[in-house]
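Down below is the structure, laid out as structure tokens.
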């Protein structure tokens, strides 16, 4: 089995209202050093397969089709083998 | 400057309705190999400091105070230096 | 009785709460801007529903750091009544004035409809005109009302009779179908140990006039008034 | 930085931005010289179909726009009608079809954001939202994805703002498979003396930009064809914007606070074409000019040039004109709400839009030609050759089904008729504590605190009718919207509309457009409900396949006494059920023909506008006299569905005898969609009063039966035709859409 750790982030230039609000919140709490905050998703997906290539392939397809919204989001992932 | 990549995940034992819905969605789309899905947040916070120790310290405090809710969430982060 | 209705950026049930206490119950009601630091003039402080700070990050997470929250904690410590409705409850949880946390509704959708809740404890300032087991019909409107607390916390809530409302069907029974959001044990409202801080998901302020289709929400406000009158 | 935006441009560049050669000539004539890139971009967007209505302007002139109740007709950000006591209603509908097709959640969400800004731009407090949605068949996962995403987006934005979404309509039809329609309507309330307009008034007034920082969002794809502009390639530029409802809420509160303080001379939201349209329209309306330094505009992204700043369509921004002495107060109010407010320029008397960048003039163009004197086309209208074919219908060849109870069940479970609870339970419809008739009735009703009045709101369009006969369909859209409002007991006041059509450059589409408008105009005229504004969305087509012509009508009505409102649900066992209006053998364009016989053909039902008007006057009079227990118009599914819906909502059965109606085929009798009909129920004690009033007002009135038990029975004399218990009908009707959505 493989576990994919998937990071979905907003594309550059896309407004991130959450990130903005959190940044303002952090600054108002005294974290003056905060320059920028962007908020995305972190997903862990476990796939039952013995082949790393297949896992790679499956996860990419899941991201393209469902997990990320290609219009506004980018994604990356890493695979780790689990038992 | 340092960029913190922060991963906030639901604590083990806390039900993850979003993960469940995504899992069901993936399976209905034909990804039968999907075993488990957990959904968390991926945050990128840029802090203006030259000291890695200070960055470490600041980010930990932000997580404790705001970015994660200790009742339901765990967090980890890594720091990378940026220019 | 003097009510303060806190206005956070993004609050949107502030006017409804003000109308309920100020007009329907004809009490003194005042809006309190979230930057105020002194709430000592009020007998009851209401944290209204809405989307404080957009509910970004987590519902209530950012509002809890508003300057006014220091004063809310202080007045709660003095035994003043604090009522958190919907987003108000979420803020109270984030602020640690009430235990537990709120998750997204289990079906992931916003839900606005009238639901039944059962009164589990009528020995509180907010429910003293009701009786235990009484079923109220109240509007709900939220996307994150799926209350969570760990087993230890739950035992404690039960032992201390801190669960005030549970979602039930029209006949007063807890069931999966009667639960609109997946909340643990159908919990719809809890009170603190001292018995002066209540958080609830349903909106009693939306059910105080016949013309709005129901008046079961009046019970909360008339209880507050009666309790205060008896002080 | 190389200053591309100062270089003079040529016709090729103009063409690449979507301007046609004659438009380029016109632009040269207006300027008396060639434009630079920024200027060209400004003209290209302002003279686009979206901003200039160049293909629809002539057709829109058919609409009646005046009336004693109209305080503001088309031409401003929203229409305004008087409701007495010094109060007015501000309302408008707008489309967000294309963005929603690409990214349903954000597309729909930003659509709500835009229409809400149009309403508070006028100084009004937004009090209600409605929407009209159309998708392809729900059996397709793609359509379910679009539908779910759009509904969630509308909910996500409107709920956060705390504006109740009180009504709307949802239709499913194959013609929308590649082009979904998402129309959002906002209604606001205002005291007359606070009405504000989008005008840059008073030479020397300051222009303050408030709200979100400006990014590179939504800069018109077509106008951005030149890669020379910057390192940002078109491909990486997201076509869809992300809405920030929290920012909008702050903007709304800050603007209304400034309106109350009476310091705003003019205000306009930044919608399509951003700062270009806001500044030039404000100047054009006031007959003034403006001068802005766009280097002062707060930006979200680095290295934005004046072209990008002028054309950005970043959401959640407003432009205010205020007297110089008031600037500190405006900025303080912004600060209170955590908003950025920036003084970016001033009003001049020049009639020009003068744009500077760090003091250097980068564009200088006359405001009026830019904003309101764009090209106007008179496209060719030709009746499509297929029109006569689709209206032909040989009823004799269509068998009447044996089991009409089963047919009723199928109709109730058709997504076009089924309960839309799956949708509206995701919308906060009761926030603000004024919604006194919740979604589910013919019209939503809101009380107006501090008065006895109520407002009734409805959006309607049966686009199958418009497809079969654009004129009749257009007229019916208006009549049905008004009828829905009248069923609640309110007097219809005025409409807004959203015209969703294919490409007007195809003669058959332009035919549909002009004919539909003509029909709507006739109905508006006859019913006394003028058009106060609207929106046109053209080019809703893919590979030559256009959507059904869909002129959505948003109607506002007023009740003198909100306690006298009427709803759909049967109330009381023993009440008498009556039908107002006449029934004809009309099955053309019906939902029945589509669901049961898979036919979308025939002539839509006839509409007698004089009869419609009498019916509506009667409904209002009956409500005012508190004579009705319920009222529900016969729409899709006809009489049988109307009776079933009143029964389901009231949780009460009914025994109906159809023999007083003209004799005709049973399916037409039950499911035909003859217009101007309303099923009412009333207490027996009111029967003669209602009968007399109906007679006096010239409305056909027949008694059909009673509210009783928990079974719906429809028959003719001794013959039972339909018999089903209310609970099972309710299950079909309530569960249908949820069933499709979670298979």
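Letters A, B, C and D mark the chains as written, and numbering starts fresh at 1 in each.
The rule is short, and it goes like this: a residue touches a chain if its C-beta (ideal position, glycine included) is under 8 Å from a C-beta of that chain, and two chains touch if they have at least 3 such contacts.
This structure is a prediction, so every number in the text was calculated from the model and none was measured.
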Of A-D and C-D, pair with higher C-beta contact tally: C-D
Intercentroid distance (Cα basis), subunit B paired with subunit A, Å: 9
Separation of subunit B from subunit D, taking each centre as the mean of its C-alpha atoms, in whole Å: 41
Length of the line joining the C-alpha centres of subunit A and subunit D, rounded to whole Å: 37
Overlap residues in subunit A, where contacts from two or more other chains coincide: 17, 21-22, 25, 29, 39
Of all residues in subunit D, the ones touching two or more other chains: 244, 246-247, 338
Multi-partner residues of subunit C (each touching 2 or more other chains): 53-54, 56-57, 61-62, 65
Which chain pairs touch, all of them: A-B, A-C, A-D, B-C, C-D
For the subunit A and subunit D complex, residues of the former touching the latter: 10-17, 20-21, 24, 69, 71-72
Complex interface listing, subunit C residues touching subunit D: 9-13, 15-16, 19-20, 49-51, 53-56, 109-113, 139, 141, 143, 203, 205-206, 209, 211-213
Sites on subunit C touched by subunit A in the complex: 53-54, 56-57, 61-62, 65
Complex interface listing, subunit D residues touching subunit C: 152, 155-156, 159-162, 244-247, 249-250, 337-338, 424-433, 435-436, 438, 447, 449, 562-563
Subunit A - residues contacting subunit B, complex: 1, 7-9, 19, 22, 25-26, 29, 31, 33-49, 58, 61-62, 65-67
